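Look for subunit A in each of the two complexes below; its partner is subunit B in the first and subunit C in the second.
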Partner chain A sequence: MMFEIEIFTKKGFKNLRGEHILSDICGLSIENITRVEYSPLYVVDGDMSFSETEMIASEVLIDKITESYVIRQCDTECCSRVISESFDVKETDRLNLDFSVIEVWYKKGVTDTVSESVVKAVKDLGLIKEIKVKNGHKYYLYGEILQVTLNNVATRLLANTLIQEYKIH
Partner chain B sequence: MKCTARCETIKILNLSDEELFELSRKNVLSMSLEEMRVIQNYFKKLKREPTDVEIETIAQTWSEHCKHKTLTGAVEYTEEKDGEKTKRTYNNLLGETIFKASVELDKPWCLSIFKDNAGIIEFDSENGVAFKVETHNHPSALEPYGGSATGVGGVIRDILGVGLGAKPLASTDVFCFGDPDIEISKVPEGVHHPKRIIKGVVSGVRDYGNRIGIPTVNGTVYFDDGYISNPLVYCGTMGIIPKNKIDKKIESGDLVLVVGGKTGRDGIHGATFSSIQLDKESDVSAVQIGNPIIEKKVLDTMIKARDLNLYRAVTDCGAGGLSSAVGELGEKTGAVVYLDKVPLKYNGLCPWEIWISEAQERMVFAVPPRNIEKIIEIFEKENVEAVCIGEFTDDKKLTLMYDNDIVASMDMEFLHNGVPKPIKSAFYKMKEEKVQKPVEMSSFEVSNSLNSLLADLNICSKEWIVRQYDHEVQGQTVIKPLQGNNIEISGPGDAAVIFPYTVVKGTKKGIVLSNGLNPQYGKINPYNMAASAIEESLRNAVAVGADIRRISILDNFCWGNPNHPEILGSLVQAMEACYDISKAFEVPFISGKDSLHNEYSINGKKYSIPSTLLISAMGIIENVENTVTMSLKKDGNKIFVLGITRNELGGSVFSKIRNIEGGIVPGVYHRESKDIMEKIYSAMSENLIEACHDCSEGGIVVAVSEMAFSANKGVKVDIDAIKIYSYLEERCRSGREMTPAEILFSESNGRFIVEVEPDNEEKFKKILDGSIFSEVGYVSDDKEVIFESKKNNVKIRQNSEILLNSWRNTINW
Partner chain C sequence: MKKIRVLILRTAGTNCDYETQSAFELCGAIAERVHINTLIERKDKIFEYDILAFPGGFSYGDDIASGKILANEVKNKLGDEVKKYALSGRPIIGICNGFQVLVKIGLLPDPELFKQISTLSYNDSDKFECRWVYLKTEKKIKNESSCIWTKNLPDIISLPVAHGEGKFIPMNEKFLDNLNKNNQIVFRYSLKDGSEPEYPLAPNGSTEQIAGICNKKGNIFGLMPHPERYVFALQHPAREGFNSKYGWGKVIFQNAVNFVS
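And then the complex of A and B:
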């Protein structure tokens, strides 16, 4: 099974990376973006059950005080169905807001040391299974933002297209 | 020779010159036509076509990055002065300048120079200290985070790979960037904005250095628009090594053990890539990503294995990967390597990719067969992968095997000494320097200029960067990068001091690290730029307590394309200055590195970076208790200016911000300044100096202000008491006295600002007897920084907190 784990900053805590990105966006004189939230993404591929993936998320990937997570099952190419939400994550919170999402992933073949560390940490947890992990970054950009602006932010700030690729949705 | 499907034969025997050159260009080999012809002839003699593995191996071994063909090659140099041309031919530019100075100085405390991965000088009777500074410019331009991180990782491995391995104690970093405030529309297409590069580079150095547990203690950041497309990233590491572990000795039959990270496609063509120019179509695979955790494990385990005498030689896999590492170790013996035994990150790599990949965190060892089990056990205990991939032979050949087929077989002699030495032309036309028109300014204007200078990118606080680094880990950093009364108030230290008491039990000695760099001078006078960089690095070291008689230096040249005679001409000038100043101060070079071809194209037009020489200095202090910081200590103490102030505003920060035309670039007057440096050491040994600060960018006014605001104190300086040189002196002849602004902002070399307690004044003056110095003022308790010239009716009065804010608010992201 392949799962995608998205890490959220809990309400009441600062999303520091998001704030830094917003400051960088302002530095580029790009307007209309009012807030940025950052979420790390992990795709775990291998012989893992849902509960084992939850254990990886809660024991390896999040800081339990400031962060929570969502696990989605990747059915085909894209991750679709939300099958788990740790408490107080409400994606529906964003429903009434204008926002865009930029996802950034390493290109194939680029050394991904964070993922290598996750694989090792999973073994240290006692889950002796062959798994592959991919590490990505998800940015929620709030405001009415033109596609050209999103592309600009992605290429100028969020993704180095030499080694990373990005998706806007 | 059989070739598998994974290994191709490259048909070159019958190629024309044009086809040979095209082959080099198409395969990113960075080889000249002459080199391609030599290869063609070699294989004609062997009566066979080469394999791709062989061609790639030769390209890597002969790359500018690995062989330094320009610096060690022949140069026909022409110099034009006052319309007259003189010529000189160098057979080996490096050998006849920098290396020659070190050979002639022949210091007995230089234990290993210019022959290993780092230079080593004596620390005490049992130990040496090794220092190496590398550049990682092109990778950092493409991927700032990964490029700078692997720059740090690479230079740490140089220290691990010197002798039988030194234990790294501290790192340094120096960066040159474009203006971080440049409008995005002015940044060339395909180039990252300077601010993005800065943030990425700083994060890379921070994450690698902090995670591996080596303090980053010294550095500098320089800004100039010439670095927008081609930033410079210098990374240095210093380590300690027992004297009996300095020599490598490989014997036939020793096994080739590769330790650490697995091999992937990372950094393919890094060595040849760094020898070509940057453009927006640069090669993706030249990017490397570092993993400090793996390197930390390699570091810890290999020091254990070293102390058990389990191996005879070690080196790092740097540019050129296994090809470079095994090739260098086996140069005198020969080696056979089974490429299919190399641990891979993923399948699908061709033999040549395995051989030249620059995947990080790998070291290569020469291990006697009897020790192989024991050494692998030590590595495996700490989850460090160690795999035997071949052995050193006695046939003086490099043989590479893949799936039982020979995929490369070449003579080591051809590989290492077959490269044709190019003869390059160099030309330099001496520029006339003239003293600028008198700089007449009101007190108000001087005051404003002081604030502008403190806020200038090249003087302002780099605290935003420095505080991201762990400069304390290992607990041995005695003199730190930021100095002052408390965390909230600090000024820029001149140099760092490491007290290696955890490695050398019972020692009182310390190791000083400092640097000098000023590319702005080089735009006018490359000779004096190089001379000033050396002197600045020495002044910085001496200012914290180093003994000038025990300082060694390293050179790092980053230049444009040396195929342009004018650019190579300025390099010759700088290298001649290195020889002269090294000899004059009796300070030997122990190691160095060059990064040439720092050229980039925008819309088809080529641009070179400003010629940039970084000098890094490493010195030994007998007693770390005698070290001194730069912040003022006590109200009522006396302030002295040591050294003489000349009318030297050429290339100064003041000239830049005031758009002053002309000006003389600061020269180096070695007799005066060496004498002062020796006397400062004597005074510090007797604890007669409370604070000491090097006087460089921004001049006396900036140096004194930094000392005051870092202590939250005031200071009063009498401008008329500052010793200035006669206006009749030949080089700075102007036929007039210096104005107060010129005195305050001149960047003359050889000067220090020193604080002395009144009780020690007599003893201090006695030591300085015969040198040029003067008492110019005192420390006050009112937080007012005052510079006054009654003669010229000028008085500058500034609150030290305001000055501090000017200094620290420019880079505060």
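And then the complex of A and C:
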């Protein structure tokens, strides 16, 4: 089974990386983006049950004081079906807002050291299974933003296109 | 006289282990840097030591979050031994990354609970902050706290900080009140005159300017600044210290060695 785990900053805590990116965007004189939120992403692929994936999310990937998570089940095309979310995350919270999403992932063949550390941490938990982990970055950009602006932000600020690829949706 | 033995736990990414070793040796102890895998192979080895130190650095590249992977490793593979060691009353110190590990294991602030109830999160600046800062130990706390590590220090000392994730956040207000009530907040960032600082002397936006805490019993101490980088007056930018030779960081290590002696 393949699951995607998205980490959210809990309500009441600052999304510092998002604020930092917004300040960099303002520094480039790019307008119309009013807020940025950042979420780390992890795709766990292997012989893992849902409850084991939930254990990885809660014990390894989040800071229990400031963060929460959403787990989505993935097929070969996309990860969309939400199968678990911690109590203070509601994906529907964003439904009435205008926003775009940029995801940044390493290209195939690039060493992903964070993922290697996650695999080690999963083994330390006592889950001795063959798994693959991918680590990515998800940015929510709020406002009415043109496609050309999103490409501009992605290539100038968010992704090192030599080793990373990005998706806009 | 019995020689005090100190275990300095290191792993991939630890980089303050030599300085911590030197600091303890300067105070008359025998300090050994031991890799976590060695300790996992022989778990009882931990009880051969009188003091346990979690040094600073970037364990496992600070991947996921600073100290998180080492904390999980210690908790899952050495949890019982480390908890027993802590509850035995032997001194434990966590410096910078080591403090992050102690908090994420749950040894601080309450080793009996052994559960994470506070965190050290990203600095408000979202940047790595590296400079000398002032730390205040309130007189009342100094007199009433049972912290064995901070005896004989002046009200204000300076120590260097170097971290990206040092913002102390308690789980809730009640827990913060308990820390205050039990005199567990040992160091707060301050100005030279003891008043409340602003950035950059408040380097991370920590709740109530908290820079270091101990457990109720006072044997476990964690702090973000680096006392091992100020054991000689010569290490201070203005060459300040005591006895015209030593830095105030040395007093912290000496206190633990004297306590065990």
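Note that the second predicted complex is superposed on the first by the 169 of 169 C-alpha atoms of A that agree within 3 Å, B and C clash if a C-alpha of one lies under 4 Å from a C-alpha of the other, contacts with A are read in each partner's own complex, and residues count from 1 in each chain.
Keep this in mind: a residue touches a chain if its C-beta (ideal position, glycine included) is under 8 Å from a C-beta of that chain, and two chains touch if they have at least 3 such contacts.
Fair warning: this is a prediction, and the values are worked out from it, not measured in the lab.
J.: With both complexes superposed on chain A, which partner does A:113 reach: first (subunit B), second (subunit C), both or neither?
T.: both
J.: Look at A:17 in the shared chain and tell me whether it touches subunit B only, subunit C only, both, or neither; answer first, second, both or neither.
T.: Touch partner of A:17: subunit C, not subunit B.
J.: Classify the contacts of A:126 with the two partner chains as first (subunit B alone), second (subunit C alone), both, or neither.
T.: In the superposition, A:126 contacts subunit C only.
J.: Touching A:163 in the superposition: subunit B (first), subunit C (second), both, neither?
T.: So A:163 only meets subunit B here.
J.: For A:65, select first, second, both or neither according to whether it touches subunit B, subunit C, the two together, or no partner.
T.: In the superposition, A:65 touches subunit C alone.
J.: With the two complexes superposed on chain A, say which partner A:51 touches: subunit B (first), subunit C (second), both, or neither.
T.: neither
J.: So subunit A touches subunit B in one structure and subunit C in the other; where do those two contact lists coincide?
T.: Shared contact residues on subunit A (touching subunit B in one complex, subunit C in the other): 113, 117.
J.: For subunit B, which residues are in contact with subunit A within the complex?
T.: Going by the criterion above, the answer is residues 142-143, 146, 184, 192-193, 195-196, 199, 264-266, 282, 284, 287-291, 293, 345-346, 359-360, 813.
J.: State the interface residues of subunit A toward subunit B in the complex, per the touch definition above.
T.: 23-24, 27-29, 107, 109-113, 116-117, 156-157, 160, 162-163
J.: Can you list the residues on subunit C that touch subunit A in the complex?
T.: Contact set of subunit C toward subunit A: 60-61, 63-65, 68-69, 72-73, 76-77, 116-119, 121-124, 126, 169-171.
J.: Which residues of subunit A touch subunit C in the complex?
T.: 13-14, 16-17, 19-20, 59-61, 63-66, 113-114, 117-118, 120-121, 124-126
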